[in-house]
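We call the chains A, B, C, D and E, going by the order they appear; numbering starts again at 1 in every chain.
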Amino acid sequence: APADKVRFTLDWRIEGPAAPFLLARDKGYFAEEGLDVSIDVGTGSAGAVTRVASGAYDIGFADFNALIEYEAKTPGSRVQGVYMVYNTTPAAVISLKKTAINRPADLAGKTLAAPIFDAGRKGWPAFAKSNQLAPNAVTWQTVEPALRETLLARGDVDAITGFSFTSVLNLESRGVKPDEIRVMPYATHGVEAYGNTLIASSALIRDKPKVVAGFVRAFNRALKETLANPEAAVTHVKRQDPLINEALELRRLKLALAACVVTPETRSAGLGAVNPERMRRAIEETSTAYGLSSTPAAEVLYTSAFLPPKPVRMIK
Amino acid sequence: MPPSLIIRAAPVLLLLALLGVWHLACTALAIPDFLLPSPMAVWHAGVDAFDPIMMHAQQTLLTTLGGFALAVIVGLLLGIAVGISPLIYRACYPLMVGFNSIPKVAFVPVLVVWFGIGTIPAIITAFLISFFPIVVNVATGLSTLEPELEDVLRSLGASRFDILRKVAIPRALPYFFASLKVSITLAFVGSVIAETVASNLGIGYLMMSASSTMNMALVFAGLAVIGAMGVVMYAFFSQAEQHFTAWAHRGTHAP
Amino acid sequence: MAFVQFENVSLAYQPGGQTAIENVSFKVDENAFVAVVGPSGCGKSTLMKLVSGLKPASEGYVYVGNREVTGPLGIVGMAFQQANLLPWRTTLQNVMLPLEIVEPFRSQQKRQRCEHEAMARALLAKVGLAGCEDKFPWELSGGMQQRASICRALIHKPRLLMLDEPFGALDAFTREELWCLMRDLWQSEPFTAILVTHDLREAVFLADRVIVMSPKPGRIIDDRLVDLPRPRPLELCYSEAFAEHVHALRCQIGHARQS
Amino acid sequence: MPPSLIIRAAPVLLLLALLGVWHLACTALAIPDFLLPSPMAVWHAGVDAFDPIMMHAQQTLLTTLGGFALAVIVGLLLGIAVGISPLIYRACYPLMVGFNSIPKVAFVPVLVVWFGIGTIPAIITAFLISFFPIVVNVATGLSTLEPELEDVLRSLGASRFDILRKVAIPRALPYFFASLKVSITLAFVGSVIAETVASNLGIGYLMMSASSTMNMALVFAGLAVIGAMGVVMYAFFSQAEQHFTAWAHRGTHAP
Amino acid sequence: MAFVQFENVSLAYQPGGQTAIENVSFKVDENAFVAVVGPSGCGKSTLMKLVSGLKPASEGYVYVGNREVTGPLGIVGMAFQQANLLPWRTTLQNVMLPLEIVEPFRSQQKRQRCEHEAMARALLAKVGLAGCEDKFPWELSGGMQQRASICRALIHKPRLLMLDEPFGALDAFTREELWCLMRDLWQSEPFTAILVTHDLREAVFLADRVIVMSPKPGRIIDDRLVDLPRPRPLELCYSEAFAEHVHALRCQIGHARQS
């Protein structure tokens, strides 16, 4: 039978964390499932959700919180999460040690820079609530993503929000020593939100569940291989985009895996799985933080139906 | 309806027609709101957020006009220099073309770091993006001056500056006004783009903020406001053009 | 030294190309009135451009007022063969253009705006254009444009007046009126004048000397003194001596065209 | 050095001078590389990544030319329509101005949903951003046609189309070529911007990819390549302009 | 009905403004040669624009070939007062312009390109412009431009030829040559011709009828039959009868200007 064509969109550019997708494609894991997957870069999670929801793409990789917001704003269940890749949100508040922001409480009255669509900035009320800060305790400075680390390094702002692995590396490339950086991940500061998930369009789930299952299976296999040997996985990133700095992307990949993929929860429940209780709380938390008018049900947002059997998903 | 009235109402009618097509397309093709909101949705979004939109629009208008004013001055001066001096023409033109092929958004971060977040980078971006059409058109207008008209002044022993002021520039005015129309639209683009990169104010910020909450109707309301401001500025230059270059358009009004 | 002097002047519009005029030498004394005649395309307009400094000579030397001409001078009033009025200026503004450029009018401009305007209006009235001051050039008939351009050449009372077929588009009566205007202006305040024309009667009536040119390439083939007494009334045109001059010139030109 | 040689070498000399200033500024002010890399760093980045840059540049050049070709065709047709019909002028001009005041990058996501990411959105963006200067200049060129020249053809009983072809368009050519210079630079901007948002290929993608890993030298190398392509295209049009509008520039070559 | 007929025609350039010509009525028979004379600015060029349909009458009716004129006709050849050559075309290309527009030449254009070019070259040679075919208009002298524009009016052998002061910038000899050229063309293949001129001798020599106009506003004040026998040799200009016509017209115009 001819391979099913699958249009897949990343949430962002070709970087280290995209390794499992590229690996699965290059090593023929998708092909083994009878899939012909094309991989396109994205411009952000919201864009990826929109792309899949509109039917322009079949499967995507996007922040679960963007999915929540999308579903709350335009109910209709066009997209569903099928495999929770990042068990925790990578969002974090990052500051320089010299500004003496040692605890979340020290943030009160400070200026934070972030793009207005940044997951950390949108999720800030949840972070604030968990750490007994008023939601309006900080002043926000809106900037383009690549600019926030520059402003922080120059001391124009006191802190930034961003994905920990991205911002730390960006700061280092601006001449900041790793030991000068303080990272406060949302995940370790009481925020229960999930991170990036595989999303599939409802139409695909309805019409070709086999395709979804095959994709997830192949991805799971690639993710485990990536966890086992990130050095080898990142070569696929380099192959896709020869311009990347392989060492840098390897660090980014390792940081991402360590922070968001390998967590106590995934160690016990396996990769891709979610805890229904936590999920309910996480959705509630995000809805409140984002100021959404409705709280979508967990079943609408996520289905575990396509997860491979637990043993296959287990990691050491 | 008498013909002159049709002509007057034409832009409004065409606008309504386009809105109608847009509306029909949205409903008929069931285009989801998050992709392309219908005109009604945009209208409601605009009305609901009227006050903030006006505040942001004011900021954008001011930065745009600031950048545009700079562009007119620099564009005129550079255009004159390029138009009258073959050396400057050869030296500067290729570089300006090269520079203008580059998306100005790439420079905004640098500007932000130097001038801080806010109005100044937006003004500079608006300037950088909009001066080139003025240069090109003014230079072309000057270099296509009929030598016969120039000779009238030359025979009087006029200085180069006199010739410029009395013949070359008036003759190049139609070119200049044509470039203003292009330039003002680019100035809007420039300031809005700069605002999307780094600003807490302006239509660019409003659009980013709206799109981050998937409020596409508000994004399009912002776009509509920019478009409207562009039209107002155009109307203004159009008046000026009619006043200053009626002689060149004399053929158009013939019965 | 004469006021205008050509020494073996040649001009080729394209460097190394055909010469429009070749090896031309002549002199014009200060306050003389010289006419230039010759068949169409023989280089009369070219000669005018050389005198006024609009074109540099390819070879030879041109002197005006004892200086070699290297570029346009400030002392010239020139009426071009095409009227060349600026289309964005009204007739009055066109006529006043030299006053905005040439000293001493230029410095007086602010203070004496009204006087200048009155001067221009008076001049326009003299050539029969009263009432057309605020029309744009393209609203004037061909002859009216030509008259406006004559006014522009005269307004700043130039020391050297150059007229390139200034009356070509006018009827006989208007033309004769303007002859008389020119004559009177010149008589009351003499200036040096060079007039290109195809009308031999015009040349003989106005000029002290008539230079005849031959074409391909342009050369001077005759330089005729017109020794008719001044002041010259219009009736002079019907005199024997006048007719003789005209006839002689006519023969010269006929000859020039054949060669 | 003889003057003609100076004039020929002028753009290169000016470029070198500017690079010198840039270099000095970078070293003297100790501007960090991540903000504004020095010309040497850019050069090295460009040489190191020569092959990928060329591959991306080829993609960008092709999309740009595609969009630009569309823009020339549509711009000419619209410009002619606007230039000869007062009704279309009144109806379309304000809307076009409004539309062009809007940053085209706002439409790219919509285009992506319809056409997928890749070449087509980039071509369309390049087209959308670059047709307007052509419209404006062609329309201005047509409407400033001297009625006297038009009458020459009218008296022969020429159709409107004949008049357009034989008088109006040749007369408007200097305007048209001026607009091409502006338009090609905008087309580059458009395709690069679209590539930054929606493409796996092209200089825009390269720049985004480089900037997300803070390789600013590579970003600037990309910018330089775009600039160079812009200059090459300009040189091409400049040749065409000299050939087709020598009559209009006759004053410039006078000795 | 006559070939060209004016019925109480008036024209104001600005709607409701001053009338350039007022209440003009006259007829021109097919293949007649009519001259129009009158002082500068009296509305001669305006009359030409009305006949050729370039301007619509503000009042009254203009008929050409039994049809009311509502727009430009295809049967006209017109030499404008200003040469109006297209600056981006060489002289030859300018002259060939009508062949690209007017039938039947237009349809033959591809096949008979060479014949057309030969026609144009021959015509240019006749007016003395051999060798200037590839020059651009601005490289021609004033008189040469005018001659090129006459060629452009003639090339397509129009049924109605309109000449607006076509010989104004030419010397007497060239002018007389072109008179003879016009005369011969007309005699061998008759067409209807309307000639505006300031040269009364030209009018009398070429035309069957001379219409005299007066200015402000333009009206017809005389319509004079020139009953000199044809064919007319140049020597006719020195005859008694010729001089009488010229004199009478001169008086008429003098009269017109006073009023």
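We take it that contacts are C-beta pairs under 8 Å (C-beta built on N, C-alpha and C of every residue); 3 or more make two chains touch, one makes a residue touch a chain.
Everything numeric in this text was worked out from a predicted model, so none of it was measured.
Fewest steps needed to get from subunit A to subunit B, stepping only to touching chains, is 1. Ranked by C-beta contact pairs, the top pair of chains is B-D.
Each chain gets a centre from the mean of its Cα atoms; for subunit A and subunit D, those two points are 38 Å apart. Chain centres here are Cα averages; for subunit C and subunit E they lie 28 Å apart.
Separating the centre of subunit A from that of subunit C, both taken as means of CA atoms, is a distance of 86 Å.
In this assembly, the C-alpha centroid of subunit D lies 49 Å from the C-alpha centroid of subunit E. In subunit C, the residues touching two or more other chains are 82, 138. Residue numbers of subunit B whose C-beta contacts span two or more other chains: 35, 109, 113, 147-148, 196, 245, 248, 250.
Multi-chain contact residues of subunit A (touching two or more other chains): 50, 54, 146, 150. The touching residues of subunit B, when paired with subunit A in their complex, are 32-35, 108-109, 112-113, 116-117, 196-200, 205, 208-209, 211-215.
Contact residues on subunit D toward subunit E in their complex (touch as defined above): 148-149, 151-158, 162, 166-167, 170-171, 173, 245, 247-248, 250. Considering their complex, residues 7, 9, 12-15, 40-41, 43, 47, 50-51, 54, 56, 146, 150, 170, 173-175, 241-245, 248-249 of subunit A touch subunit D.
Listing the residues of subunit E that touch subunit D in their complex gives 49, 52-54, 72-78, 80, 82, 84, 86-88, 97-98, 100-102, 136, 138, 156, 162. Subunit E contributes residues 13, 37-41, 44-45, 81-82, 128, 139-144, 147, 164-165, 168-175, 198, 200, 250, 253-254, 257 to its touches with subunit C in the complex.
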